[in-house]
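Multiple structures follow.
Next, two complexes with chain A in common: one pairs it with chain B, the other with chain C.
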Partner chain A sequence: MKLLINTATAALLAIAGAGYATSAQAATICFAFQDLETEFWIAGHKAITTTLTEAGHTVIERNANEDANRQLEQVRDCVAQGVDGIIIIPQDGESAVTIVNEAQSADVPIAVFNRPPSDLSKGIIVVADNATIAEQATDFVVGQALESTSGDEKLNALIIVGDLGDPNAVGRKDGFYAAINKHEDRFNVIEVASEWDAATALANLEAAVTANPEIDMMFTSSDFLFPTIRSVLEPRGMWKKAGEEGHIPLAGLDGDATACQLIKDGFVSATGVQDLYFEADSAMTAILKAVEEGNAQPNEVIEDPGFALTSANLADREMDMWGCVLLSEGFLKN
Partner chain B sequence: MNTMPARDPAAEVAVSRPSDEPPRPNPRKLVGRLADLVLSDYFVLYMSLAYVAVLAPFLPTLLLPANIVNVMSNMWPLLAVAVGQTFVLAIAGIDLSQGSVVAMTSVIGAALIATVANPVVLSNAPIWGVLIAEDGGLLNGMTGSLLAAILVMIMVAMLIGLLNGAAVAMLNMPAFMVTLVSMITFSALAIYLTQSENIARLPAEYVRLGKGDIVSVYFGAKEESQIARRTIYSFISYPMVIAVSLAIAMHLLLNRTVFGRYVLAIGINRKAAEISGVPVRRIIVTVYMLSAACAAIGALLYSARLEAGRPTLGEGTFLLDVIGAVVIGGTSLFGGKAKILWTFFGVLFFVLLSNTLNLMNLSSFQVDMVKGAVILGAALLDVFRTRLMRERSG
Partner chain C sequence: MKPSTDRAFDFAVRNATYLIFACVLLYFGLQSPGFLMPESLANIVKQASFIGIAALGMTFVLLTRGIDLSVGSVMFLAPLIAGFAMREYGLPVWLGFVVAVLAGVVLGGINALFVAWLRVIPFIVTLASLFLFRGFGTWLTSSTQFDFSEDMRSFGLSSVVGIPTPIVIFAIVALIAHIILAHTTFGRQIYAFGNDPEAARKSGINTQWLQARVYVICSVCAAISGFVLIAQIGRLDVAFGEGREFDVIAAAVLGGASLMGGVGSAFGAVVGATLIQTVKLGLVFTGVNLYLQPIMQGIIIFLAVFADGLREKRLLSRLKRTIRPLENA
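Up next, the complex of A and B:
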């Protein structure tokens, strides 16, 4: 799998790494991540570690295995080792605040990659505009759901919510409601909690679909849950391609390879795309700049505007989505 | 029957003949000294020192003040929980529910004293409007709220310990099963109460208990007007004082009181203790309550250092760390043999082990595998020590 990701990301890494080829001084960067459970994190991890290493920097990796306390201890270890900077994918927004404060108190610049702290005022925060991206993706499936009915009856919209301790999950939920509220009188909303955990999502989604067999559209706060959704809908005869009887317009967010394949196959209508390589590139550029300038407490929010890849714009924007790039390199064939 | 040892003429010659050769080491004496070392209270401390001595040349950061401070700061919460587990192992029991107690009490404590709460995150939680609301926890802003919250945490923990202890002592249920069920139930309850959300925005005085310094030190001359913060090290901290005070209190309880003797007596032989008039059931219940109370103190330290009550605290490999540290220290899994000093050294070694494995840049999975192997080694050593003690006393 590692080999494949290497191959798959090579082209984009070259672009991301171009800025570092002439980096003035080699730095030691601690890269502390909470886990590598989704395609997004795997690809992000690869982009950051490979690019930094190829540019001559030393990367100290720390995997907290989803344990916030362990991550705190690992970051403290990194500080004790005298690293020049830290890039972190935190377990959640609260622990991110604590860890950013910890690093800044020790005069070590820190960048938070993709999962922002609940307080955005400290550290380099690289974050997608989750609300806007989710709204764009949801708008598309709302339109499809409304088109498929002729009357004024109320439709059931289901959202799989992430861990609301993660500001990303809150933003995605807000974006979903922003789209739904444009047609407030037309939708009943069913919320399903996932806590960013496939097993939790499976159990809760099964219960929700059993209680509400008529689902007219669905939005998942992360693409990594599409296989879970399929395993719930397929046995009930609800996993259908666009154009087939009983098709449910589905949207997600992340832009991973699975979502890309499912859009091409017609099972999924849209996904909000986070520009993974822009985010990785921004985090690396900002932290290396802070190291070079001797800025121990850089505070900056870098926003990834993102976009929605839909079945309508697939032909034009496919290769703008990182998951489609991985897919084209054969990522899912393994 | 001839009880005299056979005479060895060669040995007699060697003794009587003056010689320039250095005296040969006596293998029996060497084995005896090795056995003394293995049975010593300080065995794990010696092992830790030897471990550091071996690794220090290869890991230059190991002995840096910043790293030593890290090792120490990582010790305190684990020590608080481990001293409770020591009592349970001393009665030949086991408390698998300590992680869930940490989760439950961290959530309840945080909910009571949070200064503010986000309704977007917490409004679906059953504790919303009961323990916590938009303007913070139930005790937020009240005089003595910190102490009250800590007392509530300990009381909730002791209630869980009471349930565990009662099931083990009164119903004669296996401790493993009882505490396993408690672990699952109370972990789930903690997640349910908060709907898996963390409770942040804790008051500064609470956070200070988990990471605040009482005495900080700086090594070197003050040559610049401002000393870089990363060169100022924590020396005496609040979590250190809390954990060490708890350990000393528990040490006195185990080693200097009748209660402590009862605990060890139950661990050696429950039936014999019962016949000798030891109030076995009451002691067992109390031990499980103490174990849970220690877990609550651990929860205080963990949640304060992370600045949030977390329903997922105590999950994952937490129990491996707690039981591992106690067993490595030398407390017997068979009961009847336990000292808080051993647990202190066990925690030190275990934290040191984690730290050095991190410094070697091993992955978290490799770290856990090595930890598991070391705990297995410690359990085998326990068997060896027990046999050695029996042989000596026999």
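Up next, the complex of A and C:
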């Protein structure tokens, strides 16, 4: 499976990486990530390390195991080793600010991948527009939910929220509400905390569905929770394909391989897609450019507009989603 | 204080955890009557089984003045090893369960080796094994999720005479733990060791062997706990079980186990785990704001621990008074 991920990643990045691989001098880049718990982070990690290495750069990898203090120490260690640049996936928005300041004080350019600091003014910040992407995905299932009812009765919309300390989770929640508020008088909202943990999501979702057996649409802040959602809905006869009696329009966000498979199967209607390869490419290009130009404090926000892959545009946009690319390479056949 | 008021206060502090439990049920029941329906109550116990089974094992360790910080990692690694065995050798789910238990024995044995025979402080040993076991599991999976077969999910979602399988397993583990602690020589030796390790050793108890068994039991319980929860989801993510050691310790302590050893029971662990889950799910059930939920959880758990502290203090003061025989005693 590792080979398949490598192959897919390398193939997709070959064109993107070629541009700067030849122009930039060989650099030593410290890549400090918080952990690799989901498909998104694994694919992002592969994209960055593979491309940099293949372009002749040296990558020093540091895994903080979800410990913000450890990540700060790891970045300090990288600075002490004299790296040319740093790319981080921070544990949270607050610790990211401290780490960016630490690197810039030491005159080492730093890029933050996907999880933005609470202060966007310093460092190269590559971030998905979580709110807009979530809104697009939610819009689609809101439309489906409204179409499935003939009267004006209020519908129940359930959102599984991520860790509220994570700016991405907050952005996704905001995007969900932006879509819901377009039809404010038509929806009751049920919020379920997941803390980005499958066991917590399982317990809380069971309670929420027991309290509110009539769910008309659902949005999960991350695709990795779809198996958990299935575990709760299936025994209650609520895990149905589109077109079957009792189908609940479901949407997620990330664009992973599981979501791709579930959209194809008809269980999931939409997922917000972060353009992983665009984000990885942007972070690498910007940091290598700063190294080459000798810019120690580059400050720039690079936004990934993303898009929503839905059951309606699946045929056209399937291969724009990183999860579908991995799926086509057999990622889920582990 | 009048004798009748005194007795009522005594009763309240002695049964503080249960009274808080009753108050919590009543409060959420009044807020949302559906909370007290059988389906909802069954859901609470089912979701409590995950932390509860591990808390039963943790109680054994706490009774011996020890601590096991590796339970979250064992919850992750043991089912993972079972999953690989099931996939590689086509084992049925029940054999996978046996493999998970055996993995728990081995992982607990590693802790036991260092704690019981090499005399390393349990906190340090299990902190090291926390990273060791999780690191090993992350290496095995290359950070990718592990999908179990449909049979595994069928097992997790199955029921025995209408009772969900996780609850049945929780009940069996709790019963076995209760029998061991309350009705066997080994159980009495655990309490004796927890109250005074040196006195226990001098009285002829093989304290090394006793400590070793306790850490193995704790890891086995964590392995069962992880297996039972993963069976419900069907997928194991690398972050699974992270930080759960704190929930497990909190459940055991809330159920009356003392971090100083010698005090605690299997029933208490069940109550502690169920109380925590009742609070968590009650907040979800009644739709409390997500930002307020952790604050409310913290307040209720703090109240329960405060009442427990009050009980301890009260009991100690009562003991002092009985140095002289009480009149009409």
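We adopt the following convention: the second predicted complex is superposed on the first by the 330 of 334 C-alpha atoms of A that agree within 3 Å, B and C clash if a C-alpha of one lies under 4 Å from a C-alpha of the other, contacts with A are read in each partner's own complex, and residues count from 1 in each chain.
Methods note: a contact is a pair of C-beta atoms (placed from the backbone, for glycine too) under 8 Å apart; a residue touches a chain by one contact, two chains touch by 3 or more.
Since we're looking at a predicted model, the values are computed, not measured.
Enquirer: Give one word, clash or fit, describing how chain B and chain C relate on chain A after superposing.
Expert: clash
Enquirer: Name the contact category of A:81: first (chain B only), second (chain C only), both, or neither.
Expert: Touch partner of A:81: chain B, not chain C.
Enquirer: Which partner does A:95 contact after superposing on A: first (chain B), second (chain C), both, neither?
Expert: In the superposed model, A:95 contacts chain B only, not chain C.
Enquirer: Quick check on the superposed pair: does A:68 touch chain B, chain C, both, or neither? Answer first, second, both or neither.
Expert: first
Enquirer: Which partner chains sit in contact with A:118 here, chain B, chain C, both or neither? Use first/second/both/neither.
Expert: first
Enquirer: With the two complexes superposed on chain A, say which partner A:234 touches: chain B (first), chain C (second), both, or neither.
Expert: Once the two structures are laid over each other on A, A:234 reaches chain C alone.
Enquirer: Looking at the overlay, does A:246 come into contact with chain B only (first), chain C only (second), both, or neither?
Expert: neither
Enquirer: Identify the partner contact of A:207: answer first if only chain B is touched, second if only chain C is, both if each is, neither if none is.
Expert: second
Enquirer: Which holds for A:198: it touches chain B only (first), chain C only (second), both, or neither?
Expert: Second partner only.
Enquirer: Name the contact category of A:170: first (chain B only), second (chain C only), both, or neither.
Expert: In the superposition, A:170 contacts chain B only.
Enquirer: Do chain B and chain C touch any of the same residues on chain A, and if so, which?
Expert: After superposing on chain A, chain A residues 65-66, 164, 193 contact both chain B and chain C.
Enquirer: Mind pulling up the chain A residues that touch chain B in the complex?
Expert: Contacts found on chain A: 60-70, 72-74, 76-77, 79-82, 92, 94-95, 97-98, 105-108, 118, 163-165, 170, 193, 195.
Enquirer: Spell out the part of chain B that touches chain A in their complex, as residue ranges.
Expert: Listed in rising order, the residues are 61, 64, 66-67, 69-70, 73-74, 120-121, 195-198, 200, 228-230, 302, 305-308, 310, 312-313, 315-317, 354-355, 358-359, 361, 363-365, 368.
Enquirer: What residues on chain A touch chain C, complex-wise?
Expert: 1-2, 35-39, 41-42, 45, 65-66, 161, 164, 190-193, 196-199, 202-204, 206-208, 210-211, 224, 227-228, 230-231, 234-235, 332, 334
Enquirer: Sort out for me which residues of chain C touch chain A in the complex.
Expert: 32, 34-35, 37, 39-40, 43-44, 46-47, 50, 131, 134, 138, 142-147, 153, 156-157, 229, 232-235, 237-242, 244, 277, 280-281, 284-287, 289-291, 293
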